[in-house]
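Okay, so subunit A shows up in both of these, paired with subunit B first and subunit C after.
Moving on to the complex of A and B:
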């Protein structure tokens, strides 16, 4: 059998963002994977130290589009912790709503791409159409389809009235019914199962070793979700179901995302039902932020997002560091790709829900 | 539940040079703990203990804390020595603070180590596989060296760019050099030996 070294990327039809994989293959089996990153490194961690605390809410939202709500939320939480700002109860629930709306759209997007890579384009278009309803929700409620600008330091920048709650619930009912059918399809359809069962396996021990989080971890049997382990905003008052599966293959990761999309719909309903009255933001328009340091974490669609913020005497932060859930997935990907077939590369890479803009900053 | 009781006592037992420990719990019951090491030489024993209790390394933050403003010295008096971090590393503005953020089943523990300018710190890759990329990133954005890293290549920043990018002021015109169409074109032209016709 011949040995080859084949490049995948940096620009490749199966990759939405640039990443370069150097694969040593024997026949059609992958023997070794080397990953070269840095193609969308923009130096945002440097930029945040050149802007003031409030400008950074806007900048962090633009690190990445799919988890764009999680970045300003974690950043704002860290600043609020430093300044001792108490977020009003209504704002805490509205933050959870924004978080879960983004989660549904993000998960459905990834699962749709899987159908496309499997070659089941009718299913791809169907799932994207269901996701499109969530995009409409974002546009109607927040005014934008991707960067929804929901968060501000001390609270949120949007509110929902009774009419909005009615509209959201109506859309959720429609999406939920569709997601139930989609779950059934992914669970039973031969084309999906044939290309995803037992493919790209990340064993439990390796998942622990790599320190992966989010759906990639939960699909490998790690019962870890920050919304339960370290609750923030309204999650301590919500009933969050954490889904896990034991096998750690591509299929398990897709199923976890689908189950979580349904759970997220349930969480939005809970929030809308229990939504307390009151202000949506801290009364001070521009609270002064003292020197100090803080850590904030939230469960982004891809898992734990951690922000460290250090404030000095200046209104500009001295250091802001964040680590996105995708960061450890690249290492885990090397384990998933080992001994895999060339034809499965795209499916396996997509199964970590790769986010390169987030990883490289 | 793997959050060990009396974390501070266990950390202190692993760090012979001493630690400074504090923790606070917010209104949702989430605990954030900070452990500053007197000597960065205690990092490996502390990390080994954390490994035994099932901690996960979330990420590593490095930065150079600003030096406090120098006090005014009257004529004839000698300037007082610069203040130091816990453990004795001077706050020169060039010393590194390395924060290792660990997760212990929902609790965040940050182990803080101070390294003087030109110093090096031990790699955690032998204990935590997840330290690999953060340490590679650390080495390319600062001049801080990591001892014992198995693969100390650049991670995101190209080999052609001088290292320690966060320690230098890089003018915007230099930063965008290769992103400017005309500048890039001229750069390539200069490198290509085109026969003059």
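Moving on to the complex of A and C:
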């Protein structure tokens, strides 16, 4: 058996994101993995210091399209902490709604890509069609398919009336019924099981060592979800179920995402049921932000997202730094890819739901 | 669910896609699309310019007045200008038909002018912008807006004090 060094990425037909892997292979088996990053670095952390507090709500939303609600939310929470702004209760619930709507769409997207990589394109199309309903929801309720623009400093920019709640509930019922069927398919379909069970295993101990977050951690048996551990917005008043699976393989991560999509639907229903009356933002006037620094965290679809903001005397932040979930998760790829087959690389990489645009910003 | 059941359902229900551009495309009323600008309602407070992340909105002082310029091709449709506008002078419509030949790129802009006028009370040169409604109780009537439009900032303040003697105006 001969040894080769092969490149996978940064532009590769099977990879959804521009990562570059240098792999030493022995025959079909991977012996060593080198991960090289930096292909989509756009200097956004620098750009943030060149724009004022309000412009940055928009800029941080465009760091990444799939977690595009989590970034401005964590950023706004940090600014609100510096300025001592209290977000009205209705806005807190509406923030949770926006967060969970994005989570459903993001998780379904990743699970759909898995079907595509398995070669089961009929299932890929079906899951994307179900996700399309959530895209319609975003377009109808927020006005955009990806950058939903829900957050503002001090609250939210959108509101839902009784008609909107009715529409949302009706869509959620339809999506929920489809997700139940999709879960059943992923649990029983031979093609899916054959390509995902026991593949890309991340053992519990390694998961702890790597500090992985989000569905990757929960699929390795780590019961860690920021919505429960450190509730923000309305999550302390919501009943959040945290799903865990013990095996840490590609299949477990897909199933965790599917279970969480259902939980997210349940959370939106809870929010809509308990939605308090009142204002949706602290003040329509742009608040002045004093000097200071703060950290805020939220549970993005991929895991824990941390924002650090330092304000000086200028309306532009002195420093904004964020730690994204994919940064923690992609280190674990070294362990998942070890001894894996070349044909499984794309499936394993996709299973951490890598968000390179967040990580390299 | 059996995948064959799914195939059967798709076969009987037909395609999920729309026939655009040969048929109409569904557009939700809340869609955040092309910016519309209502010059008479603009107070010239420049809040939209300050919150516009891509710098699509610009105000310039010219000899004729305060010029408002907005480039559709720079706009990211975030809606912050709409959100922070005190008078809804700048709003987002549900129009997303913005494709155009490159030759027409300079037409993809809104150019308006808030002209200078002479203050009807003291004669000072001033901008004929709408009055800022923030904190004004009861809200301005349409006639009052027209009356305030032709007053300079100092005379506006005086007129506002006379209008609400019990309330200190909050600018």
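Note that the second predicted complex is superposed on the first by the 360 of 361 C-alpha atoms of A that agree within 3 Å, B and C clash if a C-alpha of one lies under 4 Å from a C-alpha of the other, contacts with A are read in each partner's own complex, and residues count from 1 in each chain.
The rule we apply is simple: contacts are C-beta pairs under 8 Å (C-beta built on N, C-alpha and C of every residue); 3 or more make two chains touch, one makes a residue touch a chain.
On a predicted model such as this, the values are computed, not experimentally measured, just so you know.
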item	value
Three-chain arrangement built on subunit A, subunit B and subunit C clash or fit	fit
Touched partner set for A:142, first subunit B, second subunit C, both or neither	second
Subunit C, subunit A and subunit B - angle at the middle CA centre, rounded to the nearest 10 degrees	90
Partner chain(s) touched by A:189 [first = subunit B, second = subunit C, both, neither]	second
Subunit B versus subunit C as contact partner of A:38, first or second or both or neither	first
Which of subunit B and subunit C A:123 touches, first, second, both or neither	second
Subunit B versus subunit C as contact partner of A:310, first or second or both or neither	first
Touching partner for A:347 - first (subunit B), second (subunit C), both, neither	neither
Smallest distance from any CA atom of subunit C to any CA atom of subunit B, in Å, after fitting	16
Touching residues (chain side subunit C, partner subunit A) in the complex	1, 3, 6-7, 10, 16, 28, 30-32, 47, 50-54, 76-80, 83-84, 86, 92, 134
Residue numbers on subunit A that touch subunit B, as the complex places them	37-38, 41, 43, 45-46, 81, 208-211, 224, 226, 229-232, 236, 294-295, 297, 304, 306, 308, 310, 312, 318-319, 321, 323, 327-328, 330-331, 360
Residues of subunit B touching subunit A in the complex	26, 28-30, 32, 56-59, 61, 63, 65-66, 99, 101, 103, 105-108, 110, 128-130, 132-134, 154-158, 165-166, 175
Footprint of subunit C on subunit A - complex, ascending	51-52, 54-59, 61-62, 122-123, 126, 129, 132, 136, 139-144, 147, 149, 152, 157, 181-182, 184-185, 189, 284-286
